[in-house]
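The structures come next, written out as structure tokens.
Each of the two complexes below includes chain A, the first together with chain B, the second together with chain C.
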Partner chain A sequence: MDPDLVLLLNGIVSGLLLGGLYAAAASGLAVSFGMLDIVNIAHPALMVMGAFTVVLIGTTLGLDPLLVAVLQAPLFYLLGIAIYGVYHHFFERRGEEALQGLAFFFGVMFIIEVGLVMGFGPEQRFLDPPYAFTTLRLGEIDLPLRMLAPALLALAALGLLYLYLRRSFTGLAIAAVAQDAEALRLMAVDPVRIKRLAFGISVALASIAGGALVVVQPVEPSSGQIFIGRVFAICIMGGMASLPGCLIAALLFGVVENVTATFYGPSWSPAVAFGWLLLVLAFRPQGLFGKAA
Partner chain B sequence: MNTITRRDLGRLSLAAAVAGAGVTAGVFPAVAQSANPIRIGFAMALSGGLAGNGRATLLAYQIWAAEVNARGGILGRPVQLVFYDDQTTPGLVPGIYTKLLDVDRVDIVTSPYATAMIAPAMPVVMQRNVTFLTIFGAGVNEAFKYDRHFNMNVVGDNMKETYAKGFLDIAARLPTPARSIAILAVDNEFAQKAAESTRFLSRQRGLRIVYDRSYPPSTVDFTPTIRAVQAARPDVVFIASYPPDSSGILRAASELRFTPQIFGGGMVGPQLAAFQAQFGPILNNLVNWDVYSPEPTMNFPGVAAFQEKYRELAVKEQTDLLGNYIPPYAYGQMQVLEQTLTRIGKIDQTAMAADMHASEFDTIVGKFRFSASGEWAEPRNLYVQFQSIRDGDLEKYKRPGAKVILAPENLKSGELRAPYGPAA
Partner chain C sequence: MSATEDHVAGRPAIDRPAAALATASRVAPPPRHLLFWLAAAGLGAALVVGLRMIGNEYGYFAGYFILQYIVLASAWNILGGYAGYVNFGAAGFMAAGAYTAIALRKATGLDLLPGIVAAAAVAGLLGLGTGYLTLRLRGVFFSIATLCLAVVLQTLVVNWDYVGGSRGAYIVRPREVPPFVSYGEYMFVVMLVLAILAVGISRTVELTRLGRGLQAIRDNERAAEAMGVPTLRLKLIATTLCGALMGVAGAPLPYYSGYLNPEAAFSLAYAVNAIAMPLIGGAGSWLGPVIGAVLLGGLQQAATVTISSALNLWIVGWMLVIFVAVAPRGILGWFRKRT
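Moving on to the complex of A and B:
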């Protein structure tokens, strides 16, 4: 096979796998930011916190990191409910959620990062499952399980969330609260309760993303910072409240980054990926799957 | 509606800064309580991306301070460390040094770790004309040309012509000497200077550069980049990276079964215990820049005793478990200070600078002098090779044989093994 074609195919495949990690990281934000309009800038920090607890529990009990991420998700759900409770009580209820709410989540991010340094130390932490050192080879295409397993978990989590939002009454209520909270109240549903529940789900997804992250790379308390720009960009590009949009935007983001890195050098990757975001927004301001206002 | 004014924000910032401040505490609480101490002030990365090395540096300083105070102090006065967390944020550094010098009125200031944090402190210390002893900077004084700046680092004055010399000397020792090289460097000052040195010396020696690119620190997946390097078929690969990237690069090379004759360069990360524990056999035959290895050729007086003490405390303080990288140099930095003060017999910034320019220092990392620009007069860039690494057990890194020194010649402790790849 032509060497350039091999490079291109591998760039696309590795980009899709990287996109799986991005999808895991961005899916929770698609719920909190996309559907609830809560600018949770601490989401990547919550993901890193999830990664640290995965390392702690996984190392202690000898469990697979992805399994631990799923098992601890209910605890993160409760944490999300608690965070939303504080946010709602002090900011949203008073109508001060815009700027001061943003400052609140910035503070949460800072507290999480410093808390992780104090609790775990600033060193890199890792938990490599045995499959992390295995690479499947399909002809000329490499499929490292280190990237494939987290991508599959992300797809499964997104699929389940999608079904929940489309098929269950509560899921439909979450979609509705994003559009018109007052109308929801007229249907005898408490929008605050629905938002609390949805925010809990978004933080539970941060736990899953944390498990995916720790399989892909070692984590340190400040690891979340490199994801902040990317996850918000993916949410916006996907169309804010659209989960399929979030997934496709994440995959495209990964492919654009990796193909660019292969042929033009990694320095160009972020510029091309974010340039592509601008291009999408220029022609479709509502994002790839968003509905025009 | 409640609003936060700028003044409120200022108060909050001050409160946060005070909360992040410290005097020598934790493992050495008694030191802070001594009367009329010599106060040594500095900012240090205790959180953020550089905190791993920042906290290890602080522990080395604390060990030194405890030892000095146990001996009766310097000039009959105990020493006290006054430090603030710079959060690995360069923007916080000028404010911290202003506070140290104008509000805390410390007697002496030393630097944060490392280049990116030292540079923003320079204008503040230069305005006040104080002697500034820095740790692990790289060419910071090239721009400032401050005659009271002294840097504890092995890279020396002329990084461009000396940094990669040892690496390329090793490449020339291959059974079939290398003819092509690939260079990959992260977009930061230290790595770019390392890459520039490799580029310059490779051209001088007639090596063909088949890949030469940089990458942003935010890169997550290195697989496509390493695949592109692999496609260029270089004999040797020089990479200048920082810890999170070094992990991704080594994993990608392992997954792609990339085994050039020599792989390594100026990667920061493989020097650290957490990294060595995680990567185990992936490190085998990696040839990398370093500053210290427990080989017989570097068994300087005092270094083993220091490391024993450091390792006892490292677990509790949650710092690098081995202390083979920055801690001996951080301790040596404080020895420089101690030797200068003892010689001049007073705290006088002018006399301190004059003594540092004129004297030879004898530390646990060896003897050295400072050049006119305050760098080590004789550079000592080590290139070590990880040999016979089959697992992540850290015990082997406390003994000779795991990190064999290949360059420079006067410290060499073993022979090159090629190609790069896991031990059989």
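Moving on to the complex of A and C:
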């Protein structure tokens, strides 16, 4: 085969795998930002924090990073509930979420990032599982397990979340609170409780995304910054509250970014990603798959 | 902040901008512009004389640090405090100014003062562009776009070899600039003039129709629009002004430190300080960012010297979170009568 074509094919395939990681990172935001209308810009920072605790626990106990990520997810759920408690008490209840709430999450993001620098030092951390250096080959196409395993975990988490939101009563209530919190109150469901629960889930997803992140690449405390644009871009392109939209946008995003990196060098890929977000914001704010407002 | 902020969220929102306009014109004292400029000039002269009598280079260094944040925080306040649009990209605009100054010097050999003017123009255009692209959407999208703009600009600068790329750029500092005792004093005086201008501009904005229109936008944009406030035009003026002032804050940075790399220029610390200072001092008033910058800037200088630089940034983060939660009107809010 033509070497350029092989390069392109490989770029697309590993872009899809990378998109799996992005889907994990963005799905939590689709819940908090998309459904609950809470602009949690600290989400990527929470993900990086998850990655650091995965490294810490995984190295100490000799466990697989993806397994640790799933095991620590309940703790992140509790953390999410605590954060939402503070947010609701001080901002949402007073109706001051716009300016002060944004500043609050920005502060939380900054506290996490600087806290990680103080706790772990500014250098990169990594934890390679045993399968990190194995690569499956399908003809001309490489499927590195380092990318495949996190992508599969992300897909599984997304699938479970989708089923939960579609099938269970609380899941439906989460979808309902996004549309009309007052109506939910009339059905004898406490919207604040539902939002607390949903925000907890979104932070638990950040933990899983953190585990996936640390398998794919080494992490440093400032890794979250570049993810802010990515996850918000994916979330907005996917139409905010839609999980399938989020997944498709994430895969597309991964492919575009990876193909750019393959052909023009990795230092250009963030500009493409963020430039794309700016264009989407300017011309299709309802997302690629969303309906016009 | 005006009295309208005290309205409970459940109240009908339609009367709020009208009330804001009414209270603003009723409560605001007759603008004493001449007095303000004279007082500012007097205070500035006193600072210069005082620092020269102390005669310590570190005094100029710390003074520059705080003054630069007064410019940055006042710039943020024009858009964030008056209009309620949160700009996360302060570092991006500031670095745009800094790199404009570097590029101008490399291309034409022009010095700091033309660099500041060019930085204002470039960063102002950048602000206008960002505003034009995103201000038709909800405020949140503007905030996210500014955050992304900073990353896009950083990528561009890292890949732009002409200004040093990721290696950074050097500017050879002259040992002495004639009327001043040292280069440090020269930089301090330049920043002092810029800070007085920035505060004066933000005060003028606050006391004119522009500021009242922006406040009406903050309180209820739709109602403001319905009352005939030209919201998009006012917001575009505000983003341009805000971007230009942030660029101005950044332009002397390479001259001040002698070396600038993208990592330092785009540091998140600028963005977080630009938000924390007005909010802690009291957003929505020209004095708030000044109080916040003096307090937080002074605290950071003290903490950097005595403790560590990571810890002092951590303290800023915590202060931001605690203040927005417990004292949403900032320090000025404590002294204001609640109506």
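Just a few scattered comments:
In this text, the second predicted complex is superposed on the first by the 265 of 293 C-alpha atoms of A that agree within 3 Å, B and C clash if a C-alpha of one lies under 4 Å from a C-alpha of the other, contacts with A are read in each partner's own complex, and residues count from 1 in each chain.
Here, a residue touches a chain if its C-beta (ideal position, glycine included) is under 8 Å from a C-beta of that chain, and two chains touch if they have at least 3 such contacts.
Since this is a predicted model, take the numbers as computed values, not measurements.
When the shared chain is aligned, chain B comes close enough to touch A:120, but chain C does not. Look at A:128: by the touch rule set out above, it reaches chain B but stays clear of chain C.
With both structures placed on the common chain, the touch criterion links A:94 to chain B and to chain C.
By the touch criterion defined above, A:281 lies against chain C but remains apart from chain B after alignment on the C-alpha atoms of chain A. In the superposed pair of complexes, A:270 makes contact with chain B and with chain C alike.
Within the superposed three-chain model, A:14 lies in touch with chain B and out of touch with chain C [touch as defined at top]. Of the two partner chains, both chain B and chain C are touched by A:226. Comparing which residues of chain A touch chain B with which touch chain C, the overlap comprises 94, 96, 100, 103, 113-114, 117, 222, 226, 229, 267, 270.
Listed in rising order, the residues of chain B touching chain A in the complex are 1-2, 4, 46-49, 51-52, 54-55, 88, 187, 213-225, 227-228, 231, 243-244, 247-248, 251, 254-256, 272, 274-275, 278, 318-320. Interface residues of chain A, counted against chain B in their complex, comprise 3, 7, 10-11, 14-15, 17-18, 21, 94, 96, 100, 103, 113-114, 117, 120-126, 128, 133, 135, 142, 144, 146-147, 216-218, 220-223, 226, 229, 254, 257-259, 261-263, 265-267, 269-270.
By the touch rule above, chain A contacts chain C in their complex via residues 39, 41, 86, 90-91, 94-96, 98-100, 102-104, 106-108, 110-111, 113-115, 117-118, 222, 225-226, 228-229, 232-233, 236, 267-268, 270-271, 274-275, 277-278, 281-282, 285. Chain C makes touch with chain A in their complex at residues 8-9, 80, 84, 86, 88, 133-134, 137, 139-141, 143-145, 147-149, 151-152, 154-156, 158-159, 218, 268, 271-272, 275-276, 279, 283, 310-311, 313-314, 316-318, 320-321, 324-326, 328.
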